[in-house]
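In what comes next, chain A is part of two complexes: it sits with chain B in the first one and with chain C in the second one.
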Partner chain A sequence: MIEVLDGGLSTTVQDNGRYGQYHIGVPPSGAMDQFAHSVANYLVGNDEEHATLEMTYKGCEVRFEEDTVIALAGAEMAATLDGEAIPMWEAVAVDAGDELALQFATAGARTYLAVAGGIDVEPVMDSRSTYALIGIGGHEGRALEEGDVLAVGEPAANADAFVGTRVPAEDIPTYDDDDANIRIVIGLCDYRLTEESKERLTTEEWKVAADADRVGYRLTGPELEFVEREQPFGAGTDPTNVVDLGYPVGSIQIPQQPIVVMRDAVTGGGYATVATVISADRGKLSQRRTHQSVYFTNVSVDDALAAREEQEAVLADIKAAVTPS
Partner chain B sequence: MKETISAPMPGVFYRRSDPDTPAFVEEGDNVSAGDVVCLVGVMKNFYEVTAESDGTVSKILVDNESEIEAGDPLMEIEVE
Partner chain C sequence: MVANSITPKTLPEPRYEHGSDDYIFVELDEEMSFDANFRAVAITQQLRELELPGIIEICPANASYMIHFDPDEIAPDALVAKLKDVAADTDLSDYQWETRVIDFPVLYEDEWTHETLMRFRDNHQDANATDIEYSAKINGYDTVQDFIDAHTGAPHMVTMVGFVPGLPWCFQMVPRDRQIEVPKYVSPRTDTPSRAVGFGGAFTAVYPVQGAGGYQLFGRTPVEVLDVDQELADFEESMVFPSPGDIFKFRQIDREEYDEIREEVEAGTFEFKMEPVEFSPEEFFNDPDAYNERLMEVLYE
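Moving on to the complex of A and B:
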């Protein structure tokens, strides 16, 4: 069992996502940065389907009731276990009664805490992920609060052997302020933007708005213009509207300024989705902090699939590197 | 002794809990350790920033509802 002493700013139980329900309006949820979530899990002998705690901007404080193995990955947060500083990206042994405390993130926005055996809340539609907008999954469908108690699943038989293993230095992301490049694939409704605005989308600077969250990453930047037309039957009257369609996860809609549809977003609607952030870069986007810059680069679907395979290969390498033989 | 309260994270600086209530503190007010002096809004969450020591608010360094970065100085407290 884990007792929550302080929930931080917004800490939720997340796994690799809730799939197969998009058509009935249920988005995937799950860890915003699947890379960091997966690595944290691998370090404690879990796989990516195990649930971790996603902490945003500020870490939580918890007490472990049993001996276990934990790992932290993602945004840089200073961490202490029973008062002693512990490293991130490394498997750490925990004694029963130890208290873990995390500070504010100093680079990146989201940090993942994995526990050997995973956070064991009741799955909803085959996922332990929290979807707080409608209050399902995770712990009571909401962010964690002081006094919450979380069960932990059965750890891998060799979990103790992971203690001290760490992620190879070259595989640890830096969350640099300057590394602002996010790849997109243009479409489905890019025909609604003027040629100049399409150009502007991929050349000008965008900034993460203060209210960017798990639902949508709001960005601020130059005005974009839509092609004038007589709106078709079924579409709203605003030029940003199209006849309702399913929103790709990661797609960019422009009600006024762009919103990137993230893992807790509504699954369809009537805004023109002009481009989609590729899956390999969505975690990186979710680590961009409020007021930081984002630049979009246009790539092909083949490039996007290659980037996804490349990221999966890196994850497989990390899993092999941290798993004791 | 002067103590500076800094922003713990990036976001928007709020001096009051909603537009119709008075500010948490004004320059010249006395505060006790633990008193809420302002909010930082990010991701539609509002984090309460508290005074670390007893003292007097000597200077408010940021305008209400302006954008702030982690580490930005927000207020100065003259500690008794």
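Moving on to the complex of A and C:
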């Protein structure tokens, strides 16, 4: 069992997502940065399906009721276990009664806490992920609060052998402010934007707005212009409107300023979507913080596939490197 | 001259678009029509039956559809080729599907959406009218009641579900010259009561939960489209009630009936009045008024 002493700013239970219900409006939810979530799990002998705690901007404080193994991955947050500093990206032994405390993130936005055996809340539609809008999944469908108690699943038989293993230094992301490049594939309803505006989308600087969250990442930047047309029947009168359609996770819609649809997505609506963040960069985008820059680079579908394969290869390498032989 | 049949529309070449490496979006038309929607429903139903490896989500929409897939199991280009094959094999002229016709009570001009819409007059096209007064006027109706009679006078098909869990988009089953069309708010509201019935573009929407919204607010329904705890009998299999292809008959009710239905919903005893039907696009197109009348007979007799 884990007792929550302080929930932090917004800490939720997340796994790799809830699938098969998008057509009735249920988004995948799940860890915003699936890379860091998976790595934290691998470090404690879990697989990526296990639930972790996703902490946003500021970490939580928890007390462990029994001996276990934990790992932290993602945004840099100074962490102490019973007052002693502990490293991130490394499996750490915990004794019953130990208290873990995390500070504000100094680089990146989201940190994942994995516990051997995973956070064991009741699955909803085959997932333990929190979807707060309608209050399903996770712990009572909401962010954690002081006094919440979380069960932990059965750890792998060799979980203790993971203690001290760490992610190879070259595989640890940096979340630097100068690494603001996010790759996108232009398409969907991009015919609505003028050529100059498409150019602007992929050359000018965007800033993450204050209300960038699990539902959508709002960005501010230059004005974008739409191709003039007589609006088609059913679309509505505004030039940004199309006949309501499905929104891919990662797609960029332009109500006026861009919003990138994230894992607690609104699943569809009537704004023109003009591009999609490649699957390998969605986690990276979710680590961008309010007021930080984002630059979009247009790539091909083949480039997006190559980036996905590359990321999967890195994850496989990390899994092999941290798993005791 | 009012149309009493629907002429099938020749759709443009569909656009197959990549949503990066793991989504395909297929736009069947830029404008809304039954033809585009029925094709989206038919193609996605056939895709479901094929059970292709690597398919994660199959999402029909109003005039388009979207697939989420795992490119490690099926390559994007191979999937597009497969979608084109399915489309080529889909002939709507002999296509029918099982659906439900459902009585859907609405309290028009209710106090709750009225209170909300009055708070957001600055976001609206006409600060001196209510949403429904404005919508009646721009659609050429003399009175709000005439407009409500038109909205309830023919059933609506659920053409898409989403935005948030359970929100149905409903497209009225009448020829184009009788379709209601209204703009969305100039800028969206930050608040909408749960169970609000709104209209934007050519679609009625029912808001499952309180939240933001940009549709013109006409009324509020006492029934639920989302039951997270699945306490109501109609939600036993899914916390979301509406499905694409459902046929909703909006029915104007008074406050007394609204309160009675709310009591049943809150007691967990409410059940929708509904009947299963076999929907035939061809018969509907030939004579929509007579077809709708037959649907109403199935529901109310």
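As a working rule, the second predicted complex is superposed on the first by the 325 of 325 C-alpha atoms of A that agree within 3 Å, B and C clash if a C-alpha of one lies under 4 Å from a C-alpha of the other, contacts with A are read in each partner's own complex, and residues count from 1 in each chain.
In this section, a residue touches a chain if its C-beta (ideal position, glycine included) is under 8 Å from a C-beta of that chain, and two chains touch if they have at least 3 such contacts.
Since the structure is predicted, the reported quantities are computational estimates derived from the model, not experimental observations.
When both complexes are superposed on chain A, chain B and chain C end up sitting side by side without clashing. Once the two complexes are overlaid on the shared chain, A:Tyr57 sits against chain B while remaining clear of chain C.
Applying the stated contact rule after C-alpha superposition, one finds that A:Phe104 touches chain B and leaves chain C untouched. Within the superposed three-chain model, A:Tyr22 lies in touch with chain C and out of touch with chain B [touch as defined at top].
In the superposition on chain A, A:Gly246 makes contact with chain C only, while chain B stays out of contact range. Between chain B and chain C, the partner in contact with more residues of chain A is C.
Once chain A of one complex is fitted onto chain A of the other, the partner contacts of A:Ala210 are limited to chain B, with no touch recorded for chain C.
Applying the stated contact rule after C-alpha superposition, one finds that A:Ser10 touches chain B and leaves chain C untouched. Between chain B and chain C in the chain A overlay, the least Cα distance found is 13 Å.
Against chain A, the residues of chain B that register as touching in their complex are 8-12, 41-45, 47, 67, 69-70. The touching residues of chain A, when paired with chain B in their complex, are 9-10, 56-58, 104-106, 210-214, 289-292. Residues of chain C touching chain A in their complex: 17-23, 25, 27, 29-33, 44, 56-66, 68, 71-72, 75-76, 160-167, 169, 171, 176, 179, 181, 183-184, 200-203, 208-209, 211, 226, 228, 238-240, 242-244. Contacts from chain A toward chain C in the complex involve residues 19-26, 133-136, 184-185, 187-189, 232-238, 241-246, 248-251, 266-270, 273, 276-279, 301, 304-305, 307-308, 312.
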